[in-house]
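Common to both upcoming complexes is subunit A, partnered first by subunit B, then by subunit C.
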Partner chain A sequence: MQQLRFFCKTGFLTLLVGLISVALLAALPTSALAQQKTIKYGTMHPLTGAYAVLGLDQQRATEMAVEEWNAKGGVLGHKIIWLHRDDELKGNVAIRRVKELVEEEKCDFIGGTLSGSISLAMNEFACKTKTPYMAYCMSDMVLGADQCEYGAAFMVLPYSASLAVSQYAFKNVGKKWYSITADYRWGHSLLEGWIWQSQQMGGQFLGNVYVPLGTTDFSTYFAKIMAAKPDFIVMNNLGADQTAAIKQAVELGLTKNMKIICTKTAQSTIKELGPAYNENVMGGMTFYWKLSSKYKGAKTFVDKFMKKYGSPPEQDGESAYVASNLLFMAIEKAGTVTDKKKIMSALEGLKYELTKGPEYVRACDRQRVQSYVLVKGKGAKAKGWDIADIVAEIPGDSIIMSCEDNAKKLPFINVKLPK
Partner chain B sequence: MSEIPWNVIAMQLFFGIALGCIFVLLSSGMSIIYGLLDVVNFAHGTFAMLGAYAVFVVVSLSDSFFVGIVSAVVIVGIIGMVIEFLLLKPLYGKDPLLPLLLTFGLSVAIPDFMKIVFGLIGKPISFPDALSGAITLGPLTLPGYRLFIIIFTLVVMISLWLFLKKSDLGMIIRASTRDSQMVQTLGINVSRIWTVGFGMGVGLAALAGAIAAPMMSATPDMGVDMTMTAFVVTVVGGLGSLGGAIVGGLFIGLVVAFTSYVASAYSSVAMYFCMAVILLVRPRGLFGEQGRE
Partner chain C sequence: MVDDRTSTIKLPNLHSPPKPVIVYGTFIVLLFLPLIISTPLATEILIWTIFGLGFNLLLGYTGVLSFGHAAYFGLGAYAAGLAFRYLDASVPVGIIMGILAAMLLACIIGALAIRSKGVYFAMISLAFGQMLYFLALSPLKGITGGEDGLTRIPSLDFLSFSLGKPLPLYYFVCIITGIMLFVTWRILQSPFGKLLQAFRENEERAKACGYNTTLVKYCSLVISAFYAGLAGALNTVYLSYVPLSTLFWLTSGTMVMMTILGGKGTFLGPLLGVGVFLFLQNTISLFTPRWELFVGAIFVVIILVFPGGIMGTLTEKFAAFRMRRQGE
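After this line comes the complex of A and B, so read on.
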């Protein structure tokens, strides 16, 4: 009887303890147990303004990369919390919002943007706050004084784009050229590359017009160009600016007498221009979806993106996807989520094969070394997303200067830009 | 500086006038609205953007650019009248900031709505076949479409002038611009005149957007720059003055064209510079009435 009483007593106590434990455990998911380890990645994209389409592409590809990593358990067991902001393609807005991401949202890593000058400002902020920054766009930030150990760049350097496209142009299109250049640092860097290459390959530079970002009427610039009679016009601009410039050049019948070569173009621009982006219009890209017939990684990436968003990725999305993946790969390689220096070191020299052939991040300046693709429009023959053909793929190593030259911005620093 | 060839000057002049014509249509709409309602329409460029999209939709359905232009004016004009009737009218007689804030809100909300409906990639509108290509006159190459813009604007402005000067409704509108209380005492429903006037103003903005669309595609954010340009031209020409809108539009078009030639990087800044100078010298603008600066 005593045993029974003892059993009842202890049984009751056990039951009571058990119930309390279950209640505590039920309560815990909102406190201790729920505190799954996380890292925060904050990105900026121009979702408003001339590059809005490309900004959206970056945002989507980053989302895709984060989802893929989280689906396989995150990075070193840490779930990735991804936050993103619209930088509106404005430097002051970008700085305000990147501060918000780092200082208020406590992001451990930052990335993104599509303007060379904004990426420089973000890089400066990253250097000051020691926050690793993955630049998605063409930017000079890995050159000279702009370089610091917390920045890495995943689109080609601006001059690399110029070298790739100009090599082809001077060999296959003609020697006399005139340029239309977006009047900010990125455009100027592209022009420097063109002028230097022109000097090396016997090109004849007839002149340049600097055009403010967001210009919608280019007709007033064309009279000067028509009078100069170049073999081709170089477009050192992008997005809505490039769309308007090409459309109006075709309206004036310029492409009947000369070619248009865009140092960087975009799939959305070709799509939007339709028949106007004809076989007389060419452009450079780091990625075009037709690379999927050449590289297995490209096919996987393009198919996944198409399935998720209904259109093939732009080069800007591809850059965002690679940058995000490489950040997470570097964290895994470094074996730490907190030691930022170690993570950036792990990025240096990292070899991978993601969306194109084998590539690497150069150890000396954390610049992704990748090929550059030249496409030619299909004009009226375009069908669906089959809007251009790949003309050439220029290997990455052939269009990048040595680390020593890069640090001194050689040889481009010696190029005198026209006024 | 090397001498500029005469044909290049002639072409800059031509392009400047064509550009100025778009500014004329845009700012004359803004002038009518300001003259009639004393409302600074911050969403003016937004209505121009709606005009561009209306052309895109109608051309896609009807395959006729000219049907597209007329439809754009009618559709956007009606949208404008509905907005005036439902949203703006209740604000008349209250704080003058309220209509300004309302139109500013519209300039943010409508483009976002268009992004949801049409996406971020711009919608291309082809040049009408009859007007595509360029006419070569000796050393001059003049695009047919720009020539059309100049002639079309001339026809529209003459028609508008005749309407305002000769028709009964036009005279009532002009009288309401001068003294709406007096018109009211004559037994005319001024409230309706305001609605019609607002519809006309945004209809003209839509017309500007519609004829500009083939040159630049229709994009949700295109209205921002158009609003700014309309402001500059209206301020230069004189707030509320139709003649000022015409002179101001052509003047700014030519300023942009010739600055593009001599100092291309400053082509956008040049018009703001002109506005600043005119405001300093003549605060009411070139043709503005005294007291309306």
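After this line comes the complex of A and C, so read on.
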């Protein structure tokens, strides 16, 4: 009986506390926010896990975009309420939190994520709940039949990155190449792009090694690569894997005989590697802060970001900034905050100039068409944030396939990957 | 591990099944859970509770540590997901497929491994779990979707309720949780349940009494897989998506952690462990990106204050208190 009383007591207390807090929560918005019309934008970023630095960059850039719009008086007179959550780079956590954002917090729009696979799951959720979703990361969302009219993607497609970088490499660096590829789908997609381009431009593919995620010792692979004598090594990996690979390659003196070209790299990787990221190491990005000397929009964006957070934005921050801005621009263009379908069609074909030159969101698949930047390290000459120089900017239209081809994953589906 | 703290004070009812009022009371409290915390979180807590009830049956009541329970959970999730996606199965059919697949796997793994004891069984089960993970990742990615997870699962309805909506989904899962709480309670009261506990306390003595311990442990594993498969299938219904991480060993590790946190071998331990774990993780991360630091610290404190898990230590203290009162 006492046991029963004990449980009744605790159960009752929890209930009471719960009810009071619910009542308080319910009372708050009606009193404080009743006067102003609002829209809610919820975003997800991996603030813990392997890409925490990049996630933070996304979060900051989104915050900046929202603050800018709210300072202008919001969108169509509606103040933007921005909520963000940590998705921990885990699919199940991301879906739970996005459910909370949409079902509990009643977010009208969602965005974010830094993983291609999570963005696919988020996109599906967006389709089912008819909530516009702005994907910030590199993702295959628009490929195949995965996409519905409620999703839009703002980073380049994985194969676009390889097409851009390989175009430059085969023209300016050499023809013989060897690749190191992270052994998961994103790495494979990049490799497909490289192999296809190599066939088109007469490159000579000497071989590839698949490396599991989280590999720290690359020396055995390098012995094999040195023997093959390529003009350049292609790195289809990212983050800690890339850092370890480049560090060891430079220590072994590989860069004296050949170049290293990373299909995708990150400002934080270059910074971390310091002198090891030298003149013989190149990497691709969608945005590097030195574009500010080329574009006025980039300058405004970088200066503001630098002033607010003390470091220049990464490409992920830039993507977040553009995605948030475009969402608000689309709402403004559609002239409605409630008709989601109309907002999404306003986004289709939207032309704008924000952080780079003139760009647009492709009408057929809501993919942002943007240029890809290739940078070269400065090694020991790096100073502060001046850690790399821009070598080339490859225009967006030349590195994306038509919507019809994308829907069938052509021509990359025909590429035979090495074992 | 056999608890030797009982030697100083005799605690006869420590591991006895709870009174019926606790089972029903818990269910009634669960009905109101969405009033206190967010519905998706509440749903997830219930799903993991079902998983935990089964895991606890094996670890807490039978004393077998499986470190590969993600295999049953994940297989249940994938089997249900595949049935929904490719066969257009209804919700009950999908769930049954998930359960059957998980139980079948347990039959196979159990037949191969249940004779090994302690850490050896833990290692073998971990190996099987990881095998399944890598199977889904690469060789079978044509049907499982590889690291993208299983997507394109259609919207699901049950008796004209849309399970895509948060509240119907919650109550659907809640009723199943209620049933599973009741079933667990009945199992613990049955002669079979008593046997499990006898084995945990002293397997040699049970053997000497003429019981086939291997067979009973095997059954316990298969029943535990039933719970895991059910939880996995419900997880698919809940997420409309199967992340590859459901098969990863971290899922098993999380389950072990939750069960120990709540108190292994106690009836409400899994529910409490799961609830505290997910609630802390979900809530603290709203305030700080350094939430892992705080959650970790809180877990350390909990384990220090409640060495037998939250429910375990509470029950012990309560029983000791009662003994003293009776003594007076």
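Here are a few things to note about the model shown:
The criterion applied here is as follows: the second predicted complex is superposed on the first by the 375 of 419 C-alpha atoms of A that agree within 3 Å, B and C clash if a C-alpha of one lies under 4 Å from a C-alpha of the other, contacts with A are read in each partner's own complex, and residues count from 1 in each chain.
Heads up, the rule we're going with is that a contact is a pair of C-beta atoms (placed from the backbone, for glycine too) under 8 Å apart; a residue touches a chain by one contact, two chains touch by 3 or more.
Computed from a prediction, not measured in an experiment: that's the story for all the values here.
Of the two partner chains placed by superposition, only subunit B is touched by A:K271; subunit C is not.
Contacts of A:E103 after superposition on the shared chain: subunit C is touched, whereas subunit B is not.
Once the two complexes are laid over each other on the shared chain, residue contacts for A:A240 go to subunit B alone; subunit C is not touched. In the superposition on chain A, A:G214 contacts subunit B only, with no contact to subunit C.
After overlaying the two complexes on the shared chain, residue contacts for A:T48 are found with subunit B and with subunit C alike. With both structures placed on the common chain, the touch criterion links A:K90 to subunit C but leaves subunit B unconnected. Within the superposed three-chain model, A:A223 lies in touch with subunit B and out of touch with subunit C [touch as defined at top]. Using the contact criterion defined above for the overlaid structures, shared-chain residue A:R185 touches subunit C, although it does not reach subunit B. When both complexes are overlaid on chain A, the residue A:A121 reaches subunit C alone and has no touch with subunit B. Common to the subunit B and subunit C interfaces on subunit A are residues 48, 52, 56.
Every residue of subunit A that touches subunit B in the complex is listed here, in rising order: 48-50, 52-53, 56, 183, 209-212, 214-217, 219-224, 226-227, 240, 243-244, 247-248, 251-253, 268, 271-276. Residues of subunit B touching subunit A in their complex: 5, 7-8, 11-12, 15-16, 18-19, 120-124, 126-127, 132-134, 141, 143, 145-146, 212, 214-217, 219, 221-222, 225, 256-257, 260-261, 264-265, 267-269.
Within the complex formed with subunit A, the residues of subunit C that make contact are 19, 21-22, 25, 29, 32, 35-36, 38-41, 44, 146-149, 151-152, 155, 164, 166, 235, 239-241, 243-246, 282, 285-286, 289, 291-292, 318, 322. By the touch rule above, subunit A contacts subunit C in their complex via residues 2-4, 6-8, 11, 14-15, 17-19, 21-22, 47-48, 52, 56, 85-86, 90-92, 95-97, 99-100, 103-104, 116-117, 120-121, 124-125, 128-129, 146, 184-185.
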